[in-house]
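Note that the chains are named A, B, C and D in the order they appear, and that numbering of residues resets to 1 at the start of each chain.
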C-alpha cells in the first residue's frame, strides 16, 4: 500500500536504502553509515541484555531498562520491516515470493526472534537472551573490507592444515581418556568424590591438559601426582602442537599469496 | 573344517572380507564400510566402559549395560574370529603357522584381551578397562588417506627437531630441580607439608612451570614468592621454546615438501 | 635573566647539554651518560614509589624514605628546568614561545606531574604514584640503537597482521559472551553467587579462556562442566591463533627485511 | 711421585684415560663409555640428594643411604684425582702449574665442592645439596654430537632476536607495574592482606600475567575484576609475543643454515 502510493519516487528511495543496508551493495570499503549505526545498536542492545541478567541492575534501573527495551525493540522492528521491503532490490529476493524467501533466511529469522518476544510481551526470564543471537549478525558484517581478507587468510590456514589440527585434537582426546583412567585407578580410592569414576576424573584431566588448573580437584597420593605431572607436561605439548601447526600454516598462506601477487622474475624472459 | 567345505566359493568371500577388513587392501581413499562400523563400535564400547566406572550410572542402568556388554563382546568375538580366518589372505600370515603368527601380533592380542574377560565371566571392577586398549586400534586405522599425510608431516617435524625438543625438555628438568631446591630451602621451614623436601616442592614446581597452577600449594614468604615469580616467568619461556621449535619445523617440512613436488624451473635446461 | 648574563659562553654549554639530554642528538649508538643516569634515577625512584605503598616498609624507614623523596624531587626539578632551558636548541621549540610549546608536550607534563606534588607538599596517599608515570619515559628512551630496530620489527609485524589479530580478539569476545550465557543458564540456579548473571559468569569465563583458572568459581553440575571443558579447549585455540599469526608475521617481516638489504643476484646482469 | 715411578707406561695409560675423560678428545660422535658412566652416576647421585631431603625416606633407609653416600663420594673422589692427574695431557693445563690451573676451573671447583663435605664429615642438613651443582656438568657434556648442533641453533635463534625478546620482557615488566598499581588502588581497601601495597599486588599480577593463576588471591570488586580481565588478556599477548618471535627466529636459523650448506645453483656457472 505504502509502496503503491509512492510509485514514482519509491525505486529511488528503495535503491538508496538497499545501498545503505546491504553490505555487498555499498560501493566503498567498510560499512555504510546506516550499517555502522546498526552494529552499534546491536552491541548496545546485547550489552543491555547481558546486564539485565544481573538482579541488582534490573532492580535499580527498572524503568529506564524497560524503556530502553521498548526503544530497541521498536528500532529493530522498523529495521526488520525496512529490510523486508528493501529485499526486493536484491536479485535473489525479487519476484512474487521474494519477500517470503528473504523472511526464511537464517539472518531474517534471527532478526525476528530478537524482537518478537518483546513486542508480543512474552515473559520468562530467559527470553531476552534471544537478543544475544543478534551478535551473530556482526560476524556476517565483519566479512567486509580489510577483515574479509583476514578472514580468508585465517580460514585458508585452518583448512590447509585441517587433518593435522584434527590429529592434535584426537591425540588430546586419547590423552584425556588415558590420564583420566590412570588417575581413576590411582586416586579413585582416596578421593571418591573427585576421582571415583573416569567421567569424574575427566574434569580434573581437562583442567590439567588445558593448563587451566582450577585447583578444586588435584591428586594427593605420590603416584597420582607423578601421573599428574606427566599429564601437565604433555599438556604443554598439546598446546605447542596446534600453535606450531597454525604458525606454519599462516606463514605458508602469506607466502603463497605474495607469490601469486608478484609472480617473480622469470629467469629468462 | 568350515574352510574345507567351502573350497569353491571361500576364496571369493575371504578375499572380499580381506579387502573390507585390512585397511591397506581397501582400494579407494578412506576406510571401508566394515572398518567404519568397527571404529564406531570401538568408540561406543569405550564410551560405555568409561561410563560404567560411575557407580550411579551402573546402578541406574544395570540390565541394559550388562546386555550391551554381551552384545559388544559377541560382536567383537565374531570380528576376532573372522579376522583370524581372513588373515590367511595376507602374505605375511599365510602358510601353516600363519594364523598363529597373526594371533601373536600386538593388535590381535589387544583384541583378544578386550573380549576374553567378558566371555570368561572374569569379574573384578577394573577388568573391563581392558576395552579402552581397543582405542589404540583407532590410531592404527587413522594412518589412512588424508590423515596419513598429516601424521607423516607431524612425525617428520618432530623428528627433524628432535635434539632441540629434547634439550628444551632437559632444560625444563634442570629448572624443575633448581626451583624445587630453592623453594625447599626458602619455604621448607614455614610450610613443611608442602615444601618440606625437594620431591614435595617438585609438585608445586611442576604446577608452576606448566602454568597449571592448581593453587593447593604456593609460597607465602616474600623470598619464596620472588623465586616463584622467576619460576613462573621462565615457565613461559619453557612453553615458548618448544612451540617456536615446532612452528619452525612444520614450516620447514611444508616447504621441503612443496619444493619436492614442484621442483621449480631449472635456470637453463 | 640567567640566560642573558651568560650570553657569551651559553651556546656552548646549552649545546653540549642538548647533545647529552636529547636522545636523537647523541651521535653514537645507545644513550648518553647523562641519559643513562636519568634512566637509573627513574627506575630507582619508581621502585621506591612501589615500595612506599607497603606500610611496613614506610614505618620502618620513615626518615630515609622522606629524605630520598626530597633528593629525587630536587634532582628531577633541576632536570626539568635544565631540559626547559635546553629545549631552545631544538628547532621545534626555538622562537619566543618555544619553551611554552615544550612545556606543553606530554613528556614535559609527565615530568612536571611527577615532581610538583612533592615540591608543593601536597599530601594524599596516592599522589606519589604519579612518579610511576615517569616509567613511560623509559619507553621513549628505549627507541634507540638496537632496540629501535627491534621495536620497528615488532610494530611492523603487529600492524601487518592487524585485522587477523583483531578478528582473533573479536572471536574471543563472542566466545566469552557465549560461554558466559551457557554457564549462566546451566549453573545460575545452583550457584547464584558465581553464575547468577551473565556479567558474573564472565569472570569465570575470562579465567577459563585465558587458562588462568583461579579456581574461586567453577561449575559443579555435569552439564556445566561439559560446557566448561568445551570453553577451556576453545581457549587453547584462542591462544594458539594469535601466537601463530604473530609467528608468521615476524617471519614475514624478517624475510622482507633481508630481501631488501640483500636484493639477491639478478639472474642476468 | 706416582707419576715419576710410572714414567715408562704412564703416557700410554694417561693418554688413554684422557681420551676417555675429555669429551673433546673422544674421536667418534657421542660420549665415551667412561663419560656415560659418569653421567649416570651424577644423575643417580643427584636423585639420591633430592630424595634425602624427604624425612620419611631417610628415616626408612638410613643405613643404605649413608652407604650409598660414601660409595658415591669415594667414586667421585677417585674421579676427581684421576681427572687432576690426566689434565696434564691437555695443552691448556700442561707445564709446572698446569694442575693448579685445572683445579681453579669452575668445573673442577664444582667437582671438589660436591665431594669435600661428605669426605670431611661436615654435617648440616643442606650441605649435600652441593651435589646438585654437579648437574651443571651434564650441561657441559650435553654440548656434544647431535645436541651440539641443536644447542647452537637454539643459541643462534635467541641471540639473533635478543633485542625483541628483551623488549617483550620489558613490556611485561611495565605491564606488571601497571596492573599491580591499578589493583592496589582498586582492591587495596577491600583486601589489605592481598592488595594492600603494590609489592603485594605484584604477587597476584605475576600469577595472572603468566596464566598460572594459583587462586590464593584474586580481586572481588567489579572494577578490580575488570582490570584483572584486561590483565589476563594482555597476559595472553605476553605469551604469544616471545613465542612468535622465537618461532620466526628458529625458522630463520634453519633457512640460513640450509642455504649455507647447499648454496644453490649459481644461475650461470
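Here is the rule we go by: a residue touches a chain if its C-beta (ideal position, glycine included) is under 8 Å from a C-beta of that chain, and two chains touch if they have at least 3 such contacts.
All figures in this text were calculated on a predicted structure; none of them were measured in a lab.
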{"item": "Maximum centroid distance from subunit C, chain identifier (CA atoms)", "value": "B"}
{"item": "Same-interface partner of C-D, chosen from the options A-C, A-D or B-C, over half of the pairs matching", "value": "A-C"}
{"item": "Equivalent interface positions on subunit A and subunit C, same or different at half", "value": "different"}
{"item": "Between subunit D and subunit A, distance of the C-alpha-averaged centres to the nearest whole Å", "value": "45"}
{"item": "Centroid distance [mean C-alpha coordinates] between subunit B and subunit A, Å", "value": "32"}
{"item": "Overlap residues in subunit A, where contacts from two or more other chains coincide", "value": "199, 207, 211-215, 239, 243-245, 247-249, 251, 267-268"}
{"item": "Partner subunit A, residues of subunit C touching it in the complex", "value": "161, 163-164, 166-167, 170, 174, 177-178, 180-181, 184-185, 196-200, 202, 207-208, 211-215, 218, 222, 225, 228-229, 232-233, 235-237, 239-241, 243-245, 247-249, 251-252, 267-268"}
{"item": "Touching residues on subunit B, where the partner in the complex is subunit A", "value": "46, 50-51, 53-55, 57, 126, 129, 132, 135, 138-139, 142, 146-147, 149-151, 153-154, 157, 172, 199, 202-203, 206-207, 210-216, 238-239, 242-251, 253-255, 265, 267-268"}
{"item": "Residues of subunit C defined as touching subunit B within the complex", "value": "211-215, 243-244, 247, 251, 267"}
